[in-house]
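Note that the chains are named A, B, C, D, E and F in the order they appear, and that numbering of residues resets to 1 at the start of each chain.
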Amino acid sequence: MPHKARRHDYKSHIIEEYYITEEPFYLSLKDEIQLFEAAYAERIPVLLKGPTGCGKTRFLEYMTYHMSKKLHHTTAQSESARSHDGIPLITIACHEDLTASDLVGKYLLEGDVTRWVDGPLTRAVKSGGICYLDEVVEARKDTIVLIHPLADHRRSLYIEKKGEMIEASDSFMLVISYNPGYQSILKNLKHSTRQRFIAIEFTHPPKNIESKIIEHEAGISHDVAEKLARLGEKIRNLKEQDLAEVISTRLLIYAARLIKEGISPRRACEVAAVWSITDDQEVQKSLKEVVTAIFE
Amino acid sequence: MPHKARRHDYKSHIIEEYYITEEPFYLSLKDEIQLFEAAYAERIPVLLKGPTGCGKTRFLEYMTYHMSKKLHHTTAQSESARSHDGIPLITIACHEDLTASDLVGKYLLEGDVTRWVDGPLTRAVKSGGICYLDEVVEARKDTIVLIHPLADHRRSLYIEKKGEMIEASDSFMLVISYNPGYQSILKNLKHSTRQRFIAIEFTHPPKNIESKIIEHEAGISHDVAEKLARLGEKIRNLKEQDLAEVISTRLLIYAARLIKEGISPRRACEVAAVWSITDDQEVQKSLKEVVTAIFE
Amino acid sequence: MPHKARRHDYKSHIIEEYYITEEPFYLSLKDEIQLFEAAYAERIPVLLKGPTGCGKTRFLEYMTYHMSKKLHHTTAQSESARSHDGIPLITIACHEDLTASDLVGKYLLEGDVTRWVDGPLTRAVKSGGICYLDEVVEARKDTIVLIHPLADHRRSLYIEKKGEMIEASDSFMLVISYNPGYQSILKNLKHSTRQRFIAIEFTHPPKNIESKIIEHEAGISHDVAEKLARLGEKIRNLKEQDLAEVISTRLLIYAARLIKEGISPRRACEVAAVWSITDDQEVQKSLKEVVTAIFE
Amino acid sequence: MPHKARRHDYKSHIIEEYYITEEPFYLSLKDEIQLFEAAYAERIPVLLKGPTGCGKTRFLEYMTYHMSKKLHHTTAQSESARSHDGIPLITIACHEDLTASDLVGKYLLEGDVTRWVDGPLTRAVKSGGICYLDEVVEARKDTIVLIHPLADHRRSLYIEKKGEMIEASDSFMLVISYNPGYQSILKNLKHSTRQRFIAIEFTHPPKNIESKIIEHEAGISHDVAEKLARLGEKIRNLKEQDLAEVISTRLLIYAARLIKEGISPRRACEVAAVWSITDDQEVQKSLKEVVTAIFE
Amino acid sequence: MPHKARRHDYKSHIIEEYYITEEPFYLSLKDEIQLFEAAYAERIPVLLKGPTGCGKTRFLEYMTYHMSKKLHHTTAQSESARSHDGIPLITIACHEDLTASDLVGKYLLEGDVTRWVDGPLTRAVKSGGICYLDEVVEARKDTIVLIHPLADHRRSLYIEKKGEMIEASDSFMLVISYNPGYQSILKNLKHSTRQRFIAIEFTHPPKNIESKIIEHEAGISHDVAEKLARLGEKIRNLKEQDLAEVISTRLLIYAARLIKEGISPRRACEVAAVWSITDDQEVQKSLKEVVTAIFE
Amino acid sequence: MPHKARRHDYKSHIIEEYYITEEPFYLSLKDEIQLFEAAYAERIPVLLKGPTGCGKTRFLEYMTYHMSKKLHHTTAQSESARSHDGIPLITIACHEDLTASDLVGKYLLEGDVTRWVDGPLTRAVKSGGICYLDEVVEARKDTIVLIHPLADHRRSLYIEKKGEMIEASDSFMLVISYNPGYQSILKNLKHSTRQRFIAIEFTHPPKNIESKIIEHEAGISHDVAEKLARLGEKIRNLKEQDLAEVISTRLLIYAARLIKEGISPRRACEVAAVWSITDDQEVQKSLKEVVTAIFE
């Protein structure tokens, strides 16, 4: 998803068209690609565990792209999926106020006519998409209960407002994510939910891989990218607070892009990797020392 | 419900058609089948107690299938039930936000016309189905109060919005479930509810039965199935946290299916039976040792 | 209300027709019938106190049946009541989400036309019925305040949405119930409510009466009924937890009916009188010993 | 308000007609009548303080009746008040769910036409009635704030939904009540509210007056009435719990009426004055001893 | 605003007409008039601080009256303000349930037509009135945030429902009040709000001024007025509880008016200045002693 | 934005026209202008950190003005932005009751026709404006989650009610602010939000700059402005409570303007810089001493 591509006026498009048409940049860390492929072959729902910003979303975009291509060359594919360019990826950021009907659909009044509008989950179920419920622990109970019949042998969704039961299209898959660091007594996946998913664990990428990502995404020199990756690693090793989590690859890429625009490396790191992740002046001081040590 | 059967595009069907037309795979544990048959003969409401994933839903599908067949050969059956292939099973996953009208029905606006749509409970009451309220303690008070007249000698449902009282069709039966491990002061069945149900207790299946289930459901060799059943038993015996509950038969079947797709047994167990049930690294380590001991 | 009578398809009927046309089976315990008759003669509102399942609802059905018959032979009866077969009994199970308009009535949209639909309380007030608010402490404050003018010398109901005040028909009577065992600081009848009602206290029936009830309701032999009544008495004497309340006559009748269907007495008691009332394994063990001692 | 008068079918009447046409039975305790007359002459809002059931409502009905008669003979009366038989009394039982629009009015949809319906407070303001907010501390904040401009020199009500300000008709008066025994940190009159009202304090009537009230209201012999009044006094002197408050004159009248219907005095007191006011068996025992001592 | 003026039937008037046409009675305490005039000249928003009932509202009525007159003689006045008799005063009593749309306006359905109705704040902004948010800390967060753009250099109001931004008419001014005695952690003005207002502090008037106010408002003799003012001063000096705040000038005027109607001074003070401000019998006793000492 | 410009009647204008057409007065403190320009060039979302009233809003107005001018001279600008005079600035004050649809848009009923109205965020996304979410920590979770896809490589907004995904116009930029002094456990930016923004920290301006701002904004003499800036500095150095935050430049300008209207400097400071920032009499005393020391 190159930056340049965004340089046009805003464009509205309906969600069914959310297909990944270019290969996303993703560097594999372990056997996560094989595991996901096996789970998809068996249509076993998957839980992605890991800190924010460690690349779970990008991984899923990458998998969707490749599973789409594979599907294209298969005769067993479903009608709906074939008519487009593969499998759509539908991402839903969960939060406390997301209701069941936000996901499933509502009747909307248009002038005098009442029209049913499918929600993103229903669209995913019908079109055989990958439905990704990001940070699922944030969702309300009624949302989570809703996905239970989709996450066991029934693979079906109950649309209460219409009194209908929908069986998922064959290419449909359910993926959820959560951040174990955020778990608390109040916000926890219930057992009856957990035991419906296999789990793949993610961590931040190791320095050599993160360096390549920064270089690729920001279009910066190898040397600067390598130094920023080193900065990331150092900050994550500081046991102070929960910095480990906040200093995502994304922020390191931001620093790189500011440098590219002419901001001095030290100042860019201050803005993108110090001020952005903590308000504590003592911690800011320690972080600046790390920055100075790297970009002397 | 074989996996293959799902390999088609999504299919929407109204809930009255939710009949179990193929015999579900179920291995009897004790006399639960006789008890349920006696309760159904007397139309006594039944409470199924037991941990998540121990097979309560499957048991109910099995009973519904067989009671449907029996009914078919009986002259005393009701009109509505005879016109279909037996008794429908209507499952409602209870949660905090499930309102009384979600269960009973609502007026919906379609264009200019307001149409009444029966909720799943009303449909079950009218069509003489088995109504299964899963995890009933999660439901709100108004939902639970609603089923009281259905669960005593009145066998009737009050549809407040229409000012109507409906008597249940003869083949109607009310079944609820809950997990005693989740009981708390806040979420507890009220006495006035409990004393309307007889109770059948379930536990996880013993190793020899669980092994047969895994073998059948995943299409895996007897040997692997036996090892996975042993793994389940071992993990449930670990007194750590509440792992006993999380490692359901379903997750063991998931592991078996990943193995079938070519993932190594150890890795499959890690993904399906370790990462999926705990975030605690210490506990993960102990679990992996159990896995290694079995799949050396 | 014999069990056989229910063996037909579901039947919907509007609530005004809820007349008790057959004499309910009720065995008097003390002078509760005389007290209720005196209160009704003076139209003094009555509070029925007692544990769940001790027969309060049945008592009220019985009283309604007999007061209806009496009214039929009286010239002073009201028009509306005479046109039917007596006095309707309208039962409202109170809960936290029951709103004032659930009780009083609402405007409903039917196609283009808005129609006012009386709630059950308004219907009772107009038709001169017995209005029974079961477990009144569960109701919200606005519901309870609503009945105050019905429960003092005003005997009137304010329909806020229509700006109308309705005087109760002469045969109208207000009855509420609550279970003193559930009282708490949060859920308590306010003084301003309590002092509007006289109170009749109920307990579980003594063994000889309970035995007759079981025999009659389940159609079981005198011997088995007597043993089950003894079981009830024994369990209620166990001071463990609040078992006294849970083991209602209803559950003993359930056990009797399972025995009638061929389940062994011990197993029937286990299912209907042990598992159904407690999840605690220690308590279950003690209860089973009581069962064994009786059905040796 | 004799009991006999209620022996007819239900009658609906709009609230403006709530005039007190017969002199209510009220026995003066101190100078409360003079104080109220002076306050009314000056249109100073009044707060009635005292326990539930001590006669505040009856006092207000009595004052309304007499002020209506006075107004009838005065030339200075307002048009709207003169066209009826005096000053209407509009009672509003406050509770947590009473909204500002419940008091002020709403737009209601009738078929296709939207009609504004004045709430009881607006009707009182327009018709120059006595508006009585019973148990005002139970009301929500927005309700209480609403009456502030009615309770100071502005004597006006803001109807937000219509963007109108209404000046109260001259005969309008605002009266509120609350029970100091219920005061708590959460439910308390705010200073800005309290300082808008003068306060008249009430207690239960002394024995000789209460005896006359019982005699009059229940049509019972002087002797029984006197004994019941003595019972009331004794129970109120028991320092146990807050019995003092619960045993209202109303309950003593109930006991008298049960006696009139043939229930024995002891049993009538048990039902109307023991069970009705406490669930505590120890307290019930003490109370029964008091009953026995009086009705030996 | 003389009492006599209210002796007519109720009169409804739209809020734009809320102009102060007679000079309100106000006795200046310090330089508050000059400060307010300077703030108005600069259109700086003003916060009035002080206990309830100390005269903040009256002060604002007085200032509005005089600023209106001044404006009348100025050529620089706005069109809208000139067409009336000056500057309207729009008072909004804040409370927890006051929503942003209560202030700004709503779409209302009238028959088939939807009409926008400006809320009081929007009317003030358009007509160039003084908008007075009384007890602003009681308001919800969304209300307070709403006034921020009105209280800085933008002087504009965003009407979200219409997607419009309105610039305030030139004569518009924003005034808020709060009572420092009520401040708590939960109910506090946020810094971002406070720093938009200059603040004028008020206290209860000193005895000689309060005496003149009582004399004028109640039409009572100088001697009685002086004694009541002394009573006010004494009660405020009692350190008991927060009596200082409750005994407002208004209550002392009430006492004076009761005396004028023939109630004895001691009894009038009891009703208006003792019972009205406390329920504590000990405190009542001390207060009565103060009353007796003054009105011996 | 000179004060004089506001001296006309109210003017309503739709929000798209919110362009900064005159250069706002802003004195640069450090390299914040360069940092913001670099971030804008890369379309990296920016978080402005700093106390209330330190100039964050003014800075953003200044940047918007200059970026608009730059854009005007560039060929690469978007259509929608070119048709106006540059880039609109859309400010949204966040609060607890701001819903997702407040930001995104709603269907509104106008007579018989339902019309979709874009919310401010959608307008900003479409028109390529700077969208400024002020005090973002005050917003509800669903609001914050909503901006995630706008704040990463997707730069898109999901309009749930229409089932549409909108890609941001090229000139669109997301800016949020928060005040680190207010951070608490309950109100905190989630990690998943923070790591999407680089951060620029602001403090109150140093004395020499603040003095120039006061002089310019209030039109006061250099001498008075310098003294007021000294007052600000002194108060911020008092470690008492959180005065540092409350005494914003705005309040010092208010003091200056009161002085210009003829109020004595000491009194003006009391009203604008003492009473306005604290209710504590001890603190008020210390502050007055500081005032006296400067304006002796």
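Just so we're on the same page, a residue touches a chain if its C-beta (ideal position, glycine included) is under 8 Å from a C-beta of that chain, and two chains touch if they have at least 3 such contacts.
Owing to the predicted nature of the structure, the values given are computational and were not obtained by experimental measurement.
The set of chains touching chain A and also touching chain B is empty.
Each chain's centre was taken as the mean of its CA atoms, and the one lying most distant from chain E is B.
Note: the chain lying farthest from chain D is A, by mean C-alpha position. Mean C-alpha positions place chain B and chain F at a centre distance of 54 Å.
Between the Cα centres of chain B and chain E there is a gap of 63 Å. Multi-chain contact residues, meaning those touching two or more other chains, occur in chain C at positions 109, 112.
Listing every chain once round the ring, from chain D with chain E next, yields D, E, F, A, B, C. Residues 31, 34-35, 37-39, 41-44, 47, 49, 76, 78-80, 99-100, 107, 109, 112-114, 125-126, 128, 140-142, 144-146, 148-149, 152-155, 158, 160-170, 172, 180, 183, 191-192, 194-201 of chain E are the ones that touch chain F when the two sit in their complex. Touching chain E in their complex are the following residues of chain F: 1, 3, 6-15, 18, 51-53, 91, 93-98, 102, 108-112, 117-120, 123, 135, 138, 179, 242, 245-248, 250-251, 254-255, 257-258, 260-263, 267, 271-272, 275-277, 279.
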